[in-house]
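In the two complexes below, chain A is the common chain; its partner is chain B in one and chain C in the other.
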Partner chain A sequence: MIILDIKNLTLEIESNGVLVKALDKVSLTIQENEIRALVGESGSGKSLIVRAISGALPPQWIVTADRLTWRGQNLLSMTRAQRQAIMRRDIAVIFQDPLASLDPSATLKDQLVESIPQEFIPKGWPWQRRKARLRIAQQIMRKVGIKDVHAAINKYPHELSLDICQKFMIAMALVSQPTLLIADDPTRGMETNTKQQILTLLAQLNKTRNLSILFVSHDLIAISAMAHSMTVLYCGQSVESGKMKAMRRRPLHPYTKALMDSAPSFSPDLIPKSPLVAMDGTIPTLQHLPIGCRLGPRCPRAAKECVQVPEERSINEHKYRCHYPMHVESV
Partner chain B sequence: MIPLLSINQLTFKPTKKWEFMVPSTDFVLGPVDLTINKGESIAIIGQNDSGKSLLAKLIVGAVTPTSGQISLNGQQLDPNNTKARASDIRMMFRQSSESLNPGISIGTMIEEPLRLNTQLSPEMRLEKVLKTLTLVGLMPDHYYFYKHMLSEGQQQRVALARALILDPQVIVADEPFAALDPSVRSQTVNLLLTLQAELGLAFIFISHNLGIVRHMSDRTIVMNEGQVVEVKDTQAMFADPEHPSSQKLINAHKALLTY
Partner chain C sequence: MITTLIRYFNLICLTLLVLVLLSFSLAFFFPGDSAVNLLGAAQIADQPLLSQAVNQSNVLVQFWYYVQALFNGQWGVSFATGKPLYEDIMQLFPATLELSLYAVTLALVFGIPLGFVSGLQYRKKIDHAFMSSSMVMYSFPVFWLALILILLVSLQAQWLPMSGRLSLLYDIPHATGFILVDIALSDIANKQYAFHDAISHLILPTLSVSFIAFAVFLRSTRRSVVDVVSTEYIKSAQTRGLTASNIFFKHILRNALLPVLPLLAVQISTLVTNVMIVETIFSWPGIGDWLIQAIYERDYPAIRTGIMLVAMIVVVFTLSLECLSQLIDPTRDRFAYARR
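Right after this comes the complex of A and B.
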């Protein structure tokens, strides 16, 4: 069953005095129990999607969508209170910058205890309830791999190292036992051991607790280790989505292909220090978006038709937006 | 042949006021011995808090060592005169968001080292800044942008531009690839490989991305609790890590790959 359904999400923002479509008809769905990766270049709009789902956008930005629903309920038309209730109990978000999203003036304990839903605390005297809360808080902190919980729990965010803050953000998100976890680059800059620990924890929660995950990252190795399916974003447009395996083996969109080629670890035969396959150029600024397919100027397969925006097409579960897709014959 | 950079018995012992920045009070870095040749890439890997970033800061002179020397082209560097080495050894910091000033435009920010360290005219500076912006995969337009208008990866490229602008001999980079997206990361890797081949640039980088470490570096240094525990040619290190902490890191990387 689809729990989160996004169809043609468009986000218009004012940047340097002009109104630009930072997201242009983005579609994305998340099934129950699914781990979906959202990948794309820096500046492609991944964090904007996360913010649009959570409703954390400045009021002057214009959001439109054919569908933006949570279990069939329209997130855009419901009241603020209803939306907040969903964000508190069903969907948890780990934002990209841990320090900016933690309260600098409260200890980890205070912040975490605050996020524990009331119904998790057994009835009892206030001091019993306080103790129960503390126990839950410590438990979850241990679970995400924070080593010295007793020392860390009474500290303020700025007193702790970045990777403890990152782990703590994950603890904060998991403490309400959400149905869907949206994690924006949660393992960025983590060393391999810690990263593997976090990925294992998330994969395990997915299996044992049916946690669905939207995993935003450009760490392709981490993504292919855990995601079932993937949506690729380029320049504010969703260009391809489908099952992880199929997309790795036979990407249809030239950009997905370039993405896959860029991880040296995926090509074991690569000669050390040889140049990596890389697409020329760089993602354009929002002020100078090319017309038609936004990949056009960088795309090795581009041809005349590409000045028209490609419509979304699909082959079975596999969706793509490209006039001249690859591997189509073999799908 | 005189090595480009040679590090001799370098140590760092935190004094009291450093206490909050290091893992424990008995933390000591080094002694570290290391030589680096022109055009060579050295990767530093290790757990968090193993002293990697501190070693990087000691090499660029952002932190003064407790003892030991660093020489560039056979010339011993004065630990208290960091300005002299500023144009030859450039540091690219990890958190570009922390190291970039939000109040000035990207162009001005990249130009700053030129103003402070060279006699170039304003026109020549502008030309150099625009060239460097393109070199790191940004647009000339970005000259007029401010930090908050860039995504994280674009900010990282600004940090690389700032490091390259003075045509240094050594670049020391703390997690230069972490915030880069795949296609730009490949471009950056290619760019650094080209710059190394053309200019003989030496590159010392800290990275958790062992795929890139394996592809790019000639030698890999493994650090653990302030000590260099293993130094080897990269390919040999990945084939046969000897120290337990090297084994742990490299095996975790291989485990992720075999899913």
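Right after this comes the complex of A and C.
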């Protein structure tokens, strides 16, 4: 069953008096129990999608979508309170930078305790309830792998190391027992060991708790190890999405191909000392977006038709937006 | 915490020592005989320590006796009146303190909440209204504002008295020096009339001092609120589905107030200057009025003591506020390595 369904999400930002489409008709669906990876270069709008789902956008940014629904309920048309309730119970977000996303002047305990939904606390006197809250908080912190919970819980974020803060962010996201976890680059800038722990934790939660995960990252190796399906984003346009396996074997979009080729561990038959493949050019800035398919100027297969925005087409749930897809014959 | 306290205590002591040294050296820099400048007269019978200081030949020993004399309240006598300075200042000083206290309280009580309103309504109509009006308030010169208030409220409308602390009808014995407290303590008839009179004398000076302070508090609070609201952790609190009131009281309030406190400390010197100007204009019998009189009359001992005292007050208050803001800020050791 589809829990989060996004169809043609467009986000417009005013820049120097002109409306710029930071996200252009992005489509994304998340099934129950699925780990979906959202991949793209930095600046491709991954975090903007996360923000648009959670609703934490500045009011002057314009969000339009054909569909932005959570279990069939339209997120864009519902009231603030309804959306808050969904964010409180069903969707949880882990942000990129843990130190910036934690209140610097509140202890970890205070911040974790306020995220615990009221329903989890048994009725009783205030001190009993406070105790129950603390117990839940310590439990969840232990679960995400923070070692010295009693020492860490009364500390301020700046007093702890980055990986404890990151684990704490995960604890804060999981304490409301959400159905969907949006992890916005949760392992950025981490050492391999800690990264591995966190990825294992997420994969484990997916199996044991039936947690769906939207995993936003550009770490292809981590993604291929855990994700079931993948959506590739380029410059605010979703270029291709489908099952992980199919996309690895036969990418339809030239950009996906380039992305896969840029990771050497993805091509086992790479000849030693051969030059690494990389696409020419760089990702354009928001002020200088090309018309039509935004990959156009960089694409090796581009032709005259690419100045028109390609429609989304699909072959067996493998969706792509390209006029001249690759590997079509063999699919 | 202890280290912070010790560090600030050290800082205050050293700064005060330098101030005392400067005030001592003033006696030598002023024209005339240094001994007379220090004492205020050729001979004073009842201030033995200060007289001894004058009689020493070594400057360092002189300074040592001078410090002792300061601690014992032997501050010399005034050229103009011949009365001991210590008693004069102790009479006048509470009046200044009272005026500044009310002005600061007024500015805080209105400035900080309105700053929050303005910051939360960032770039909306209310915000623009507050910002433009506070800019106008901030650019008023305080002496001009006081004169305009006297012109409009006292002379044209005749609503409030224009000078002094209390009408001559009431004779309140000097107990604490704070006029409202003194009235409450005294046992005169018609107490409520005396209260009414004292408050009507207070309104105009308090308003003129608090006007600029209000604008400064409003603007700095608003800036700080806007900064906090746009941070990543407030956005993340919104994504966690917390209610707006929860976010405000648990996250915005504390984080926005923490940087405002050091700004208040910086404002103290401006405030003292403004109080002195306002005292002169409203003939408020405080230390500022007295000090400016002393400057007109070239009353060197009074200038020396008055300047030292005002500087001491500014230093002590500023540093204690800074120390307090360091102590209550849980993020204080975030940059600890950079500070050492």
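As a working rule, the second predicted complex is superposed on the first by the 320 of 331 C-alpha atoms of A that agree within 3 Å, B and C clash if a C-alpha of one lies under 4 Å from a C-alpha of the other, contacts with A are read in each partner's own complex, and residues count from 1 in each chain.
By our rule, a contact is a pair of C-beta atoms (placed from the backbone, for glycine too) under 8 Å apart; a residue touches a chain by one contact, two chains touch by 3 or more.
Everything quoted here is computed from the prediction, not taken from an experiment.
Shared-chain residue A:D97: touches chain B and chain C both.
In the superposition on chain A, contact of A:Q31 is made with neither chain B nor chain C.
When the shared chain is aligned, chain B comes close enough to touch A:V277, but chain C does not.
Looking at the superposition, the partner that touches the larger set of chain A residues, chain B or chain C, turns out to be B. Within the superposed three-chain model, A:T192 lies in touch with chain B and out of touch with chain C [touch as defined at top].
In the superposition on chain A, contact of A:S15 is made with chain B only, not with chain C. When both complexes are overlaid on chain A, the residue A:Y156 reaches chain C alone and has no touch with chain B.
Look at A:Q177: by the touch rule set out above, it reaches neither chain B nor chain C. Judged by the touch definition given at the top, the superposed model places A:L220 against chain B, while chain C stays out of reach. Counting contacts as defined above, chain A residues 97, 159 meet chain B in one complex and chain C in the other. Contacts from chain C toward chain A in the complex involve residues 231-233, 235-243, 246, 250-251, 254-255, 258, 329-331, 333-334. Against chain B, the residues of chain A that register as touching in their complex are 15-16, 40-44, 47, 96-97, 159, 161-163, 188-196, 199, 218, 220-222, 224-226, 258-259, 261-265, 270, 272-273, 275-279, 281-285, 287-288. Contact residues of chain B toward chain A in the complex are 20, 46-49, 94-95, 97, 137-139, 141-142, 149-154, 156, 175, 178-187, 189-190, 193-194, 208, 210-212, 214-216, 234-235, 248-249, 252-253, 255-257, 259. Listing the residues of chain A that touch chain C in their complex gives 51, 54-56, 84-89, 92-93, 95, 97, 100-107, 110, 114-115, 156, 158-159, 172, 176.
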